[in-house]
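The chains carry the letters A, B, C and D, assigned in the order they are written, with residues numbered from 1 in each.
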Amino acid sequence: MANFGGHAIPGSFFLLYGFWLTVKHILQHHWRTNQPKARRVMPPLFRKLDYMEGGFLIFASFVGIMVEQFVVDGPHARLYNPEGKSWVKLMNWQHSTMYLFFGISGMALVASTASKQVPAGLDRLALSLALFVEGKSSFGSTWFLHITDTFSPGVCFELFRCFFLLANGPGFLFLYHLHNRPLLDAHIHSLLLFAVFSASASTMLEVFKRDDIVLELLRAGLFFLQGSWFYQIGFVLYPPNGPKWDLTLHDNVMFVTMCFCWHLAVALLLVAGISSAVWFAVKRFSGRGQDMEMRITSSKSSSQKALLEESDEE
Amino acid sequence: MANFGGHAIPGSFFLLYGFWLTVKHILQHHWRTNQPKARRVMPPLFRKLDYMEGGFLIFASFVGIMVEQFVVDGPHARLYNPEGKSWVKLMNWQHSTMYLFFGISGMALVASTASKQVPAGLDRLALSLALFVEGKSSFGSTWFLHITDTFSPGVCFELFRCFFLLANGPGFLFLYHLHNRPLLDAHIHSLLLFAVFSASASTMLEVFKRDDIVLELLRAGLFFLQGSWFYQIGFVLYPPNGPKWDLTLHDNVMFVTMCFCWHLAVALLLVAGISSAVWFAVKRFSGRGQDMEMRITSSKSSSQKALLEESDEE
Amino acid sequence: MANFGGHAIPGSFFLLYGFWLTVKHILQHHWRTNQPKARRVMPPLFRKLDYMEGGFLIFASFVGIMVEQFVVDGPHARLYNPEGKSWVKLMNWQHSTMYLFFGISGMALVASTASKQVPAGLDRLALSLALFVEGKSSFGSTWFLHITDTFSPGVCFELFRCFFLLANGPGFLFLYHLHNRPLLDAHIHSLLLFAVFSASASTMLEVFKRDDIVLELLRAGLFFLQGSWFYQIGFVLYPPNGPKWDLTLHDNVMFVTMCFCWHLAVALLLVAGISSAVWFAVKRFSGRGQDMEMRITSSKSSSQKALLEESDEE
Amino acid sequence: MANFGGHAIPGSFFLLYGFWLTVKHILQHHWRTNQPKARRVMPPLFRKLDYMEGGFLIFASFVGIMVEQFVVDGPHARLYNPEGKSWVKLMNWQHSTMYLFFGISGMALVASTASKQVPAGLDRLALSLALFVEGKSSFGSTWFLHITDTFSPGVCFELFRCFFLLANGPGFLFLYHLHNRPLLDAHIHSLLLFAVFSASASTMLEVFKRDDIVLELLRAGLFFLQGSWFYQIGFVLYPPNGPKWDLTLHDNVMFVTMCFCWHLAVALLLVAGISSAVWFAVKRFSGRGQDMEMRITSSKSSSQKALLEESDEE
């Protein structure tokens, strides 16, 4: 992963996923606000979207695990080498673990879409866990392995801390500094983790507060932020064309900090723009195309009304 | 406790308790979702289950305290030795304190089951406190006593921190490192504490959000995680058969971190599997056996209906 | 304050306040659960209780400020000494500030009792702030002044941290250790702060979740804990009769940690016992004495019913 | 910004904004409590107030960005100097970024006022983000640039931490101390950040808990605190007339800590006073002037009632 492509691929994935989430949640929100509360039956379209999303997550995570395991220099499903008394390619195993949890998140989404028995909020819990494990893995594999061995065990625990604090703060950077790594490298990854763990925390909140459009768009926005920041990391640490960045220059660190704020602003803008576009498109479309749907709904609702009236009359 | 058995006994206990909680909460959830809201009277079965659970907790904690006090090399209920001017067997006293709080949790469960006057949520508050004190005690007794004296007072306060942060982060590991203890030992116990304090925190949440099946199953899952991790600690630190682990090898630390994620995945799978099994069993059973119950319920509800109609007519 | 009496006076105060809160909230809870929701008009008794509590807080804080200012070696309302170019008796000013906030909390209680316009939850917010400032002051004055000057500014900020984390963790104790202070002293005060800031945090929660009996009793219990722990500090650091404690002995630190758990258990027991006693007393009393009250209430409610029926008929 | 005026201008702005918020929210609260729930249609006055506020924020942030960019020694919209291979005036860019987010917050306020499609709570989310970025920028620019380069990257991450913890605690001050900066300087800025990030966090809470008058007034109070503390910083660090403060004197640090509590008390008092004044003014005014409004409202409501009755009769 230590090249530009290794950052561009997840970046593109997360940008696309952010786009998908924005569109999906705006469609759902449009439906929710335009339907009266009593008759709010999720239309089949949304179930199909959720099946697609879940299926994609399962499929992608399966492919990811297979690639990580059976790539030329991969572990080929061997975990321990008894001859050399050593573990085999732990980094690939970590990536597989990371994909596994995204796969579990996809399964949870499919399950909670397919059955009413599955409690609402389970899919969000699983996604939150997947993001958490993603943060952990990317943290552990891309970053800390470069540092000396002594500090690495702190990684995981630090991340539990991050998950709840969205912070590992000065203590961490202080230690980092002790190991004489370039500060820009540490700093730019910290900012990525901020996006990942924010998304994890906001998704966790959704377990308890379902169908809150602000939270849902916040999640989409944090995926955009994560995606675009992956690209930024690629451009800064492995510039595809152009000169290398001076990773120790203080001004670069300051600029990157500010740049993160800009990425945040752009992510907000993207969510706002896409939301508005989808909203207006749906409105125009529903003016023309909703007729048939309306007729079905209205006939349904009128029969319901009749039923209600009968029960009232009883 | 510093042997394999000392970790296998609590491990088995927590695995069983996780299983019990999963079954109980799924049964309760099945009842809740199948009953209309107005008539939701907890059936006697659930009261009995709660009495059993509470009684077991009280009994087990009583036995635990007795064993810790009156075992051959125990304190025999003596706290202070005036001759030697020293405390007597503080570790046994700590374990007793730990059991005491599980006993209190059992009492709270019995009380809140027996009387409607006892406010809902009290049992969860007590269980949360018990887990908290458990974390504290296990932390203090099995781990830190090995280290030099200077750091020990930080234990308790660190744990208050853990309770709210689920984290003691790099600062702690840094200090640990200063004392030249093997990092794998520190790391594997940190991961245990994560499971304990997560369970404590999620139980605390249940005080405010009752009857949320996601939270209840999360708690069950965290008990599974705690139980299986106790076994893992036993296998790593005191391998019953086979070679010793190198506690300073960086790859071992990395593997243990990843392994914790797998335990988490397995715990999720176990909860999902048991839940589904119980759910389908209940469904099949209720198709055949619920007839009598149904008849009672329906007659009750019809009389209630009649009552309501009368009041409407008035 | 650096003697046994200086710890016994606030200890007694907090024990009494805990007792008062338990009784008051159980009475309120009894009223709430026995009244139907629609007619829940707070009876005059509770308003009187709240006026008394608020008035007492204002009066006590006024007396406290006066004593701190005009005691023989007090600042006599002078803050700055222009001749010596120094502040005058800052510790007394800090105590005055602490009392001031308890006074403000009393005013908020009176105001929110007197007027419906004052938003509910304001009294809890003020009490939470008062506890917060109390923690801060007691922290700053009794403890840190003994340490070298260099670290003192961290006090306040550390406390903001405590307020939200209820923790200052190992970093703090590490620094403390650097200054070669006895660890037992640090540790026993940390545990006090835990009680103070827990009470502050749980009171803050009540701003958003009014009339939750679990939270109210938790607050009462934490006041008990705080009160009894003040006594414990007095007994350990300034033993009135008997030998001095060895403040550096590791076993003492371990015992104090465990002892805090016992205080917690006793506080829980006290709240449970007092609650039950009050509940049964009220039940017996209301069987005999509630007749007159009932008659008034029923007549009121019947007139309300009539009103409602009229409005329905319209 | 490193002079008295640079602190007085934002101080005045925040004091005014606190005043504005108090008045606005009390007016809204008065309206909410006096209207029955069903007919609660926001009167045009409030929409106008919100448009004004949003417009002012957009306008002020635009002016701020222009000034920062095109002031004599500003960057004139140039970010990178390819000849010198260096960034151009990063501090001005940081201030612009800060203004940008206040502008975005203004836009969100206008959007959520103008359209019902915009989800409620978006304006608060944007304001929360703006305060967060403000804290970050002011932190980064006024303070840390003075310190050596090595620690600066911690700034941003520390602030993410602050945002959630409202704390950066002893670790930070410890590091600060290592760089031999005067402690009073560090301490007084920490207290400012406390006010900024508290406001950010309480605004974030409002996303989920709309129309809670306690939270709204808390926000107003924190703006007062922030404003008056800016003045205090100005007076302490750049005394306009009078002697310089000794930035290393321990008593000064203690006094500043206590002084912050007084500012907090004064802010509470200001909010209480302004609220009461507005409340009574509105009451007197509405006794005389509300007639016309009432008539409109009542005619509206009667027509609504008629409509409802018709629909009932159908």
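Everything that follows uses one rule, which is that a contact is a pair of C-beta atoms (placed from the backbone, for glycine too) under 8 Å apart; a residue touches a chain by one contact, two chains touch by 3 or more.
Everything numeric here is computed off the predicted structure, so don't read it as measured data.
**Q** Touching both subunit A and subunit B: give me those chains, sorted by label.
**A** Chains in contact with subunit A as well as subunit B: not a single one.
**Q** Have a look at where subunit B meets subunit C and say same if over half of the interface residue numbers show up on both copies, different if under half do.
**A** different
**Q** Upon optimal superposition of subunit C on subunit D over Cα atoms, what rotation angle is obtained, reported to the nearest 5 degrees?
**A** C-alpha superposition angle, subunit C on subunit D: 90 degrees.
**Q** How many angstrom lie between the centres of subunit B and subunit C, each centre taken as the mean Cα position?
**A** Using C-alpha averages as centres, the distance is 31 Å.
**Q** Need the CA-centroid distance for the pair subunit B / subunit D, whole Å please.
**A** Distance between chain centres, rounded to whole Å: 43 Å.
**Q** Note the residues in subunit A that touch 2 or more other chains, in rising order.
**A** In subunit A, residues 165, 168, 171-172 touch at least two other chains, as defined above.
**Q** Going by the contact rule at the top, pick out the subunit D residues touching subunit A in the complex.
**A** Against subunit A, the touching part of subunit D is residues 86-87, 90, 93-94, 97, 100-101, 104, 117, 119-122, 125-126, 129, 133, 136, 140, 149-158, 160-161, 163-165, 168, 171-172, 175, 207-208.
**Q** Which of the residues in subunit A end up touching subunit D in this complex?
**A** The touching residues are 29, 33, 165-174, 177, 183-184, 186-187, 190-191, 194, 209, 212-214, 217-218, 250-255, 257-258, 260-262, 264-265, 268, 279.
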